Each structure stands twice: as C-alpha cells, then as structure tokens.
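Read from first to last, the chains carry the letters A, B and C; within each, the first residue is number 1.
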Amino acid sequence: MLKLTGTFIDEITHDIPSQNWGETEWRREFKLYKQIGIDTVIIIRASYQDKCIFPVKSGGDFLPLRDDLAQMFLDLAGEVGLDLYWGTFDSGVYWYRNTWWKEVEFNKRLLDEVGEKYTSHPAFKGWYLCHETGSNSSHIIELFNYIGGHCKQIRDLPLLISPFPMGSKQFAQGATFTLEESLDHWDKIFEATHEVVDTCAFQDGQIQYRELPEFLQGVKALGDKHGITIWSNVESFDRDMPIKFPPADFRYLNLKMEAASKTAEKIITFEFAHFLSPFSSYPSAHNMFRRYCERHGLDADSVIAAASG
Amino acid sequence: MLKLTGTFIDEITHDIPSQNWGETEWRREFKLYKQIGIDTVIIIRASYQDKCIFPVKSGGDFLPLRDDLAQMFLDLAGEVGLDLYWGTFDSGVYWYRNTWWKEVEFNKRLLDEVGEKYTSHPAFKGWYLCHETGSNSSHIIELFNYIGGHCKQIRDLPLLISPFPMGSKQFAQGATFTLEESLDHWDKIFEATHEVVDTCAFQDGQIQYRELPEFLQGVKALGDKHGITIWSNVESFDRDMPIKFPPADFRYLNLKMEAASKTAEKIITFEFAHFLSPFSSYPSAHNMFRRYCERHGLDADSVIAAASG
Amino acid sequence: MLKLTGTFIDEITHDIPSQNWGETEWRREFKLYKQIGIDTVIIIRASYQDKCIFPVKSGGDFLPLRDDLAQMFLDLAGEVGLDLYWGTFDSGVYWYRNTWWKEVEFNKRLLDEVGEKYTSHPAFKGWYLCHETGSNSSHIIELFNYIGGHCKQIRDLPLLISPFPMGSKQFAQGATFTLEESLDHWDKIFEATHEVVDTCAFQDGQIQYRELPEFLQGVKALGDKHGITIWSNVESFDRDMPIKFPPADFRYLNLKMEAASKTAEKIITFEFAHFLSPFSSYPSAHNMFRRYCERHGLDADSVIAAASG
C-alpha cells in the first residue's frame, strides 16, 4: 500500500479554520513531513477573494496584509528538502459569475508577479490549478488551458489539478452524477486539456466509500487514455459529521488509501496539517497520526521528537 | 446524589466525530472507568449502514473493514472488570423506510453471528436495543419484541433501551409532545414490550432543563407499573450550541444528575469518552472531568495517573 | 497600535460552548490578563433565559443553580487588580416579543438584587448593557435609557454598550445596512441615549474587513458629536467558517486591530478566554496567543509561566 507522500497547505482558508501557525510551527511540520516520506507540499490557492498569501504589488483590491507566506513556505521547503507546487488564484468573484475571461486575466496578472518573485526559488517545482470542478461546466476547459498555459509560459513545470466526483455526500439528489456521467465529462475535459494538465488527483470524499474503487479505476483508465498521470487526493477530514469538518476516522481513511493504492501513482491529502498532524489543533488528528504510523511501520514518538528537535 | 456508573461507547459514529483511539487509548479509558466507579460500558450499536465494528462473515453489503473492535472492547472490559452491553444493528435503510420486518431479519442474521463469536465472552453481560424512538411509531413495539426476543434466545441477559423525549430542543413546534402525550405513548410501549425490555434509560437532552424533573418522575411511575427498571441516560454533550455537539456545561450536567438521582436506579451517559474524559479530544471535557471529580469527591489527578500508568 | 486591554467574559453562554473552568482556571486566566495589560473584564450578561450566573433570590423562573460566578469573578478581579463591568439581564423572552417594558421591569428587579449583593465590591467598576442591536429598532432607546438609568441610580458608574454593524457576514442581502444607514440610525440612538451611555464599543465581525476602516471612522465622528467615548470590540473569533465559531486567523485580527487603533480609545474583545488564551479549550487559540505576543513584544512563555505559577 502506498503511503501519503504529498499534502496540500491551506493558508488562504476557504472553509477550514486557521491554526495560527507561525514559522516555528511550519518548520516543525515540514521537518515531520520529511521524516515520514512526504516529499511534496501544494499550496491550495495563493488568494481567495480579497485575501492573498503574499503582499500583492500588481494591483487589485487586496487587503493590506503584510505576511509573505509564499516566501516562508518556499524557504522552509527548500531548507527541509520538499517540492512545492504553487496554487493559482481564485477571485471568488469572476468565476462564480461565469465571467471566466476575467478570472483568466486576474490570474495572468498575479502569475506574472509570481514569476518575478517566486518561480526561480529552488523549491518551486510545480503548478496547481485551484479551480475545482466536478463536471464539464463553468468554462473549466478554458480556465485550465488559459491559466495553465500561462503558468507554463512563466515556468514549464508539472501541472496538477484536483477535481471532485459529483457524489451524494456533497450534492443533493438530482445533482449527483452516475459513474458513467462523471467519466463522460472527464473524458471530454481531459481530451481538451491534456496538453496543459500533467497530473490529476481526484478528491475522494464526496462519494460513498463503497463507490470509490470503481470510480478510481474509471479515472485511471481515462488518465491512461489521455496521457495524464493519476494521483489520488485522499481526504483526511470527515464529510459525514454535523461539524464541518473534523479529522477522519482512520478506519475509513485506511480503506480509501487501500483503494487509491490500486490506481494512483502517488497519494496526496487535503490536508495533513489540520487533520493528520501530531501538531494539529484537532487532538483527534494526533491520534489518527498514531494509527497512521502503526499501519505504515513508522515510530510516531521518534518522528515527532525528530521534528520537534 | 448518584454518580455516573455506566457509559455508552460510540465507535460506529452516527454524528460524533471519531477520536481515533486504538487499544492503548481504550485500555487507559477503561482503567479510568474502573477507578471512578463506572462498571458498565454499552456499545451504542454494532453497525450503522454499511459500517460494522467487526468483520462481518454472514453476508450483507458491509465495507471491508478489518478491525474487530467488538473483540477489543470485550477483552478490555474483561481485563479491567467492566460489564459490557452489546448494541444491536441499525441498517440505516429498512427501518427508515418502514420495512421493519427487514430490519428484524437483518438483525437476526447478524445477532446469530454475534452469538457464535462473542456472547460467551465473560464480559458480555447484557443487550442494548439500538433503535431509538420518542413515540409509539415506526413499529417500535415489533422491533423491540422481535429483535429483543432474538437477543434473549441467543443469551438470556438483561436488555436495555434508551429512548428520547419528544422535546423542544430537538423537535420543531408541532412535533413536540406534552408530558401527558409522552407518558401515554410509553405506557403503551412498556405494556407491549415489558416481557423483553428489562431496563429503560431515557435520554434527557431533548427537553428543557426545567421540564426534566416532572418527566423523569412520570417515566419512573411507568417503570414501576410495568416492572421495568428505570435508569437515566444523562447526556454529557450540549444540544444548545451551534456546534453539534460539544461537551456540556457542568452546571447543567450536575442539575440533570440531581434530577435523575431522585428517580433512577443507575445513571449512565452518552458518552464519557468524548465529553467527560480527561483523555478526550475535546479539551473542555478535561475541565468538566475536574468539575465532576470535585463534585463527587474524587481526586482527578490520582485517578488520571492510575489510569495512565 | 493599541493592545487589547479588555475582554468580555461569557459564562452565560448564548452560542459559545462552555470550557468548564472553575476557580483555579479563572484565577490563572485573570493573572494572565494582568500580565499582558488587560485591565478590564466585562460580564457579557448576568442571565439568559432561565439561567443566571448567581443564585437568584428575587423570584422569576430561574433554574436552581448554586454557583455564584458573580462573586467569584468579582473576588478574582479584586485579587488580581482588574476592573469588572457588570452585564445586565437578557430574559430571552420579553425583548424578543417586543414587550420591552417587561424586559425593563425584569432587569430592574434583578438589578436591585445586584445592588444589594455585588455593587459595593471594590472591583465593581462599570455597567454593560447586554441588549445588542444594529439599528434603531426593538425599542432599543427605551431599553438603554430605562435599564441604564436604573443601573446608574444603583451605582453611578461608567456604562458601556457594544452594538453591531448590520453587515453582510451576518445578515442576508436586503437586511444589511449601508454605511450611511448605519450612521443615520446610530446618530439617532446616540442623540437619545447619550445621557446614560458613556462608552460604545462596536462589534466588528459582521462587516467585510475592507469595509471596517470607514465604518469605524463614521462611528468615531458620531461619538465625538454626542460626547460618547469610542472603544472597539475586536472580535477574536471567526465568522467566515462553517464551524460557528472557531478562533480567528491572527492575520485578520491584526488587520482589525490596526483599523481600530486609529479611532478607538481602548480595544476590548469578545472574548479572550475561548479564542485567544493560551489556556483555551481551542488549541488554535494557543497559537494565536503566540502570534499576538510576537506582534506586541510580549514573551509568551514567561507570561504563561507567571500566570500558571
């Protein structure tokens, strides 16, 4: 069975509360990643609405925040020896109003600023297109091609997406897709974007656990057909609880990882720091980390000590 | 005033996030129970929907989970010296669609497997019927009699139920019951099921605190009338908060325990591990444990040390 | 930039789960406040619905709770050297049914009991009117004048209110106010209540971060016009998350404090114990405390040690 070897970083939080970590806490976390075999961190998005993880110079109505988390994450990744994928920009406005070309322009301007400031950093190793979708809608093909294309013009690096299944844990009856509908939509999207998209890591928490193996196999076949590498984004939080969202129950996380190991080249998770870390603000994550270590032959106490030291 | 002497165990979680405890954490917890006078643990249900706490051999569409928590709980209860009540099976399907006879068949098949594997364990001391209701509806009499009857055929042990009042903290205006309506419904249910049901521990969090004493007295009178022993299930979580559900405020838990002590032979809680344990994933539970110890003359530090040692 | 120098205390919780602190935990917390420059604690309300922080002798349908948190908070404030503002009573009934005169009578009776028991305590330094509003409605002028007037007859001390902006983070489209509407309403309220109200500390979490500076400046001008001192209630919890409510992200708390520092004489927060304390039940609050200390030149470890000692 594969281990987790990548994780998102969620510091422009959309729906997950901040842990208020500073450089000390992130260094400890990255050192832990190195210890347990996580080699890749993926910034989920660089901005959301009027918030950005670095102080924007190229205009736009961003809040006057001073912290440069982009630089911090890159420096820590370089220091520890992790690859960093950079998440693009979600205006929270244009896309939702279906003015996709403005979302592209918004991204191009900000990506140029990223190119000037960050892409030459030795830890900068890939792009992540932050616009998530479950279907061939919202002009997702244009967003992927034009934003992804601009990323690659700035620096030609592997490009990752992480879409979601239109499953019954997230969508109301009538809005869900059958397996066939999902694969039909993604066949068309992959067909139209495979020159830009290198890797696809589907989220896995929207569908029922019992539906997952077949879904993953279908996605894997589409990846093979279109030359897109298949990873899996095994979600480490729980979508079944009234609290949105607590850490997962390890029994089901393990079940999902067993399924993903059969089709994915690499397993990443959204996301380790909140939901699986021994340093998380959620104590049940500390326990899940111990269960994870037991399952994968890691000595929890010694990796925690090494990361903290 | 009575102390808490029993607690549910909630490892097929319906709406409470997992704490991701393993055998080490559960042993520590059970040792704590022994220290503070909890002599009974009650598995709230052995399965829910397609999840089960043990690997099912007798068919059905269960997820391929490998952990045998049933064996672990029985062994730990035996090791520490606790009585274990076994919770029955909630398909999450048949009952809700009012095909009650399928729920009975579903339970019978799985209970037979329980009989082969677990009932001879020395810690196996009772049955808990997991189908909760607040009224004489959903064919609850048939479920209690046929499932409960089958339990007793497998092994004739005390049988517990834990229904709920149709109170205004859970139900919308119009769906709530007056005290008289509740007692009328339960008079009929007790009349029809008292040959199977030995003990009834009403939940207490759905009604207003001020309504509780009268409700408990009414239930006690019904128990006396029908020869059913009355316990009380004093909920240790809070139903009044936007977060569903945090640990209770000890002031109100204490108020409820004072009320329950006047009518119940034994007080149990849903449930200690999340909401009252010094080892809980909810830090406010750690503080509630200290308040509980202060109120009941227990030395928190020494019982924690003894359990952890 | 101003530091936080006051905090609410929320022990008749309306929507924030209890931390189950006892005297030991509150003494430690108050000692921390003294260390970090918080000189004022404000009881958010003395009662809500049928709950009260002290055992009521003057009638009414209060739950038979025995704890006297009022005396405890006053004694601890006196011991440590903090000023305590007393929050008035929210029946949770009369006001919501627009029978404002009953809310006033309800308060007068209970305030007389407060006068007999608590107002002569040396730490009793002010009044807080607990009826929160965003607009000139719900007979707020009558509530402020009649309840506030009665407070001052009992003991003539500074009187604080903490209203809220009708912002888009709390109210649906159509129910929000423009800046002009808000200022128009508060011009009228201040005009009608300035003889009773000494200080106004607006809440700041209902509006968007980018709207805050202009709102605070408008409020400051109104305060100057009517002779009301302007503080700011910088909320330390997050209103943007599905979980209602986690600790804030320090980046945005800091942004709000920078804005508030330009117009407010003093910054208070709702509230330190849950959302910013190193002793909070929310671990992310521990981290936020470290970020706060870094920003304000405090040594987190030493103030924690001094408070715990």
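Here is the rule we go by: a residue touches a chain if its C-beta (ideal position, glycine included) is under 8 Å from a C-beta of that chain, and two chains touch if they have at least 3 such contacts.
The model shown is predicted, which means the values in this text are computed figures rather than measured ones.
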Line, ring, star, complete or other: which one describes how these chains touch? complete
Counting shared numbers against all numbers at the contact of chain A and chain C, is it over half, same, or under half, different? different
Quick one: chain A and chain C, Cα centre-to-centre, how many Å? 39
At least two partner chains per residue is the criterion; list those residues in chain A. 243, 282-283
Residues on chain B engaged by chain C in the complex (per definition of touch): 208-210, 238, 241-243, 246-252, 255, 282-285, 287-288, 290-291, 294
Flag every residue of chain A that touches chain C in the complex, lowest number first. 13, 15-22, 25, 50, 61, 63-65, 67, 243-245, 280-283
